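One chain, chain A, appears in both complexes that follow, with chain B as partner in the first and chain C in the second.
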Partner chain A sequence: MRRYEPILALVLAAAMITAAIMAPWLRFVLTIALAKGIAVVGILLLLRAGQVSFGHALYVAFGAYVVAFLAPRLNDAVLLLAAAAVGAGILGLLIGLFVTRYRQIFFGMLNLAMSMVFYSLLEKLYHITHGSDGIRVEVMPVAGQALDRVAYEWSIFGIALALAFTVGLLVRLYLSSPMGEALAGIKTRETRLEFMGVPARGVLLSAYVMSAMLGGIGGAIIAMTSRHVTPLLAYWTSSGELVFIAILGGAGGVLGPFLGAAAFELVRIYAAASFADAWQLILGSVLLLVILFAPGGLWGMAARLLGKGGTR
Partner chain B sequence: MTASLTRREALAAGFGTVLLPATLSAQPAAKPAEFKIGVTTFLSGPASVFGVPSRKACEMLVDQINAAGGIAGVPLRATFVDEAPGTDHLVGEFRRLVQSEGVHAMFQSISSGSCLACTPLSRELQKLTILWDCGTQRIFEENRWEYAFRTQGYGTPEILAPLLYLLKKKPDFRTVAVINQDYAWGRDSWELWKAGMDALKPGVRVVAEMFPRFGSTDFSTEITRLLALRPDVILSTSWGGELVTFVRQATERRLHERSTFVLPVAEASLPTLGRSMPEGHIIGTRGDHWNNHPAPANPQLFNEFVTAYRTRFNEWPIYPCHHMAQAIWALKAGVEKAVAAKSGGWPSDLEMANAFRGLTFPTPTSTITLREDGQGLEDQIVGLSSFNDRFPFSVPKEMIQFTGAQVSAPVGQKSTDWLKTLKPDMIASSGRSIG
Partner chain C sequence: MTEVLLQATGLRLAFGGVKAADNIDLGVMKGEFLAIIGPNGAGKTTFINMSTGYLRPNAGEITYEGRRITGMSPRAIVKLGIARSFQLPQLFIEHTVEQNIALAVASRDGIWSPLAPLMRPRYRDEARDLLARFGLSAIADTRADALNEGARKLADIAMAVALKPRLLLMDEPTSGVAASEKMAIVETLVNVLRDAKVTAVFVEHDMDVVERFADRVAVWSQGRIAALGPPDQVLNDPAVLRDVIGIERHA
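== the complex of A and B ==
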């Protein structure tokens, strides 16, 4: 299955580009989907270690607010992306230092608490953050090039796609490296890992910092695409959405999050377009169906279709 | 196996249906077969107390207008979008409606955050956008928009009118406390009130500023504090279920006997509160469309609207219904003006938008003028809560009407700066008692 992953990724990318050319509004939706996909790759890293973070929207929102606050001073998409990634990484290190002491539900709930603290700060520090009104992000130059709106949107879409490939590739390498394999060790039996002389906390912390950086990158792209950031990005429902996407896409491979994110955004938009009153019901039903009939998510389903059996 | 195949097919089919209209939408402005409007409103979450009635009102008016031949001979069709999933979703939906569904005008939104995020899209996508309910003053004070217009009042008049009413009716207060929801409107409205109060009646002491969490269901701590502090006036711009909960919990503990409430957004919660709303407190409706308006400009139209809404939905219309109606009447007036100027041809998006600048359109209660910056001037009526035989809930008495121009910041001035320049003689000169 791993062999087919790059080919599938190329097919998916080609489909996205075609859709974005044919329908301009889908370009927007797909850029958001790519950004969320990148953030969900971070969730996937932690899932490998058997840990679910219910507060990863913290890093997404942090990345988005880094863009919103620094955009007037650091007016370039590439620099802002880097700043968001580094900023989220540092925040991830600080928070990771103590949340990685905990496992399972405690890990999940501590993360949730952190993201809700950030959410409350964004609401409470009203004079700095404009509270729930949010902050607007203007069209900005990309790598020194001032662009008009359409070119800008294409560049962000292109950057998101390129980053998705880079992230996917790096995470694939990481997961097959000893450090990545040790993550699975945390899931099965942490004590054995320690016996082998591998520090479990260090392994988890490095994965946590990486996942925070991915969240920051995803958030920065979301801010550059929707061009308006609100505290809702840090709310627990946003974190839930990321976990939802991870389950929908499947944790078997790095393509899963992107499949999941694209499916999530499209299902949501079609559901909202067709049944404005009941889109939540449809999203929920889709997740239930996936859990009941395809526990490996969309990725697992694709693996079964190719007849190779999705291996972890 | 088969299940996954059909889903893939379904997805492909979905793509097909979306791509088709997108290619068709790039055609020159010809008279459309139907005039499509995209309406963003809350269909879920706490603010659906506003969103669902406004949607009902919109559907009812669309039916009425279509039965009477449509706008400039073109029937209307409304598509609704839920605001609740958040900004990135809503911004995407705005694009979908304009670029894929090919709507001719957008109606947005209830939340100020949604309006701030979507109004710039009106310029980018060059599409007529009517802001039908959100109240933030930032929209037209921080920017100029060619395609966006607000067909109702906004935060500044909606706060200043109750303040002036208080100063006229109960000028002797010395202390004030505020209990607002902890989000942008709660903070903004307090800032506006404070600026106005400090200018019109300097020296009032603020004894408590409380911003309980948005969506709170228990106000016992705040009420205990208010009982101990005994402020003369308690301001709350909370709305919906939270206001209902606060008033119920406060009246149980007799807070209303010690202090005067000022509730600028009370109207929408009054039907729910029923008889539990105490009498003699200052209530507002974000406009002049009280169900017991003593002298509407067009009484027949007003009664028709209220009666039709009551007959169809078995409930009284609340202010979001009236705001939605204002947006639709403005749309009708504006589009017909643009079509008339084109002498029969169909106007382009820009010509359509230009027709709205300076437009004065009639509402059943009064008229509303859209200023050159796009902001509508809506009259404000404030009164004291009271009961009568006609209504099973509280309605205002001793009403005072403030014209929109009196209580809105002039074009080009920021509300907080303008409020600071107000002089106390404004209290006597503004407003007209209408019984």
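== the complex of A and C ==
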């Protein structure tokens, strides 16, 4: 199955580019989907270790606010993306040193707690963050090039796509490396790792920092695309959405998060347009069906369609 | 043969009122195969747990090659060359047997290479070679959660051997192994260990295995060592016969 991943990734990318050319609003939706997909790859990393973070929107929001705060001084999309990734990574290291002492429900809930603290700070420190009004983000140069709005939006879409590919490739390599397999070992026999001389917590911490950086990158792209950041980005429902997408897409491969994010954003748009108040009902039902009938998510379904079982 | 590799002195550990270790003194000689026998609950596993850093004794100390290891973490102790296998096999159940072994091989180098695959030729070849020596080649690609008890036990030991320890502590290596295969398996295991010049301590309930493969036997009873010596001597001791042969029947 792993063999098909690169080909499927190219097909998916081609479909996204076609859709983006055909309809500008789809370009917007798909850029957001790619950003969320990148953040959800971070969720997937932690899922490998059997851990679920219910607070990862913290890093998405952090990345987004890094862009909003620094844009006036560091006015370039490429530099801001780097700043968001590094900043989120440092925050991930600080929080990770604490939360990676815990597992399962405690790990999940501590992440949730951290994200809610951050959410409250964004809400309450009005003179810095403008509270729930949020902060606007202006169109900015990309790699030194001043662009008009359409060229800018295309550039961000292109950057998101390129980053999605890079992240997918690197994470794929990582997951089948000794470090990535040890990460999966945390899920099944953490103590054995220690008796092999492997510092399990260090393995989880490094994955946590990576997942925080991916969240930061995703958040930066979201800020550059929606061009408006609010505390809602850090709210627990946003974290839940990331976990939702991870399950919808499937945790068996790095394409899952992107399939999941694209499906999620498209269903949301169509459902919201057609059934206004019922779209959460639709999303809930979809999740229920996935958990009951396709526990491997969309990626698992794709894998089955392509014949070969086994998604690892 | 007379050089002491591991020395336990005055080890004590109590769980509530239960004395799992009650003044244990034991020296493991370099190159020997030392069997530990004794009834369930005598404190055999506890001794292994203390020697590998999993449990910390209330009193006493353990030295390895003259260096104090009491209070060190399992991780640090492994790095010094002491590996262990488990009474209940501890495998990565979502990985194949070969991946389990390869991960153990890789862990000797440290596992911090994030981009090169675990199944790189060097690790895979060593894992395959080890599995072949254990007679486990046929199940190399089987997921660990699909193995039978005997195979799980052997894979668990193979993981410990993959760490290239100088001292290997095995907790009931033959429990769960079918009686008909037991001798052949132990024979294989002993050959692997002799080739690698590994000193071994193993908890064992089968007196035939002990008699045939152990250089010395330590008899555990209620957290104490009741007898220690060569198998022909210890296993003919009337007191030991009464205690231990009784256990062997319903072990």
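To be clear about the criterion, the second predicted complex is superposed on the first by the 311 of 312 C-alpha atoms of A that agree within 3 Å, B and C clash if a C-alpha of one lies under 4 Å from a C-alpha of the other, contacts with A are read in each partner's own complex, and residues count from 1 in each chain.
Here is the rule we use: a contact is a pair of C-beta atoms (placed from the backbone, for glycine too) under 8 Å apart; a residue touches a chain by one contact, two chains touch by 3 or more.
On a predicted model such as this, the values are computed, not experimentally measured, just so you know.
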item	value
Clash-or-fit label for the pair chain B, chain C on chain A	fit
Which of chain B and chain C A:Val203 touches, first, second, both or neither	second
First, second, both or neither for A:Val29, with chain B first and chain C second	first
First, second, both or neither for A:Thr188, with chain B first and chain C second	second
Broader residue contact with chain A after superposition on the shared chain, chain B or chain C	B
Cα-centre angle that chain B and chain C span when viewed from chain A, reported as a multiple of 10 degrees	140
Touched partner set for A:Arg48, first chain B, second chain C, both or neither	neither
Which superposed partner A:Lys124 touches (first chain B, second chain C, both, neither)	first
First (chain B), second (chain C), both or neither touched by A:Ser132	first
Partner chain(s) touched by A:Arg227 [first = chain B, second = chain C, both, neither]	first
First, second, both or neither for A:Ser176, with chain B first and chain C second	second
Smallest separation in angstrom, by C-alpha atoms, between chain B and chain C in the superposition	26
Chain B and chain C contact sites that coincide on chain A, given as residue numbers	none
Residue ranges of chain A touching chain B (in the complex, touch as defined)	19, 22-26, 28-29, 32, 123-124, 126, 130-134, 136, 149, 222, 225-230, 232-233, 238, 263, 265-266, 268-270, 272-273, 276-277, 279-280, 293-294, 301, 304-305
Complex interface listing, chain B residues touching chain A	1, 3-4, 11, 14-15, 18-19, 22-23, 43-44, 80-82, 85-89, 91-93, 95-96, 98-100, 111-113, 116-117, 120, 124, 136, 138, 182-184, 187-188, 214
In the complex, chain C residues that touch chain A	52, 54, 73-75, 78-79, 83-84, 90-95, 99, 103-104, 106-109, 111-119, 123, 159-160, 163
Contacting residues of chain A [partner chain C, same complex]	170, 173-174, 176-182, 184-185, 187-189, 191-199, 203
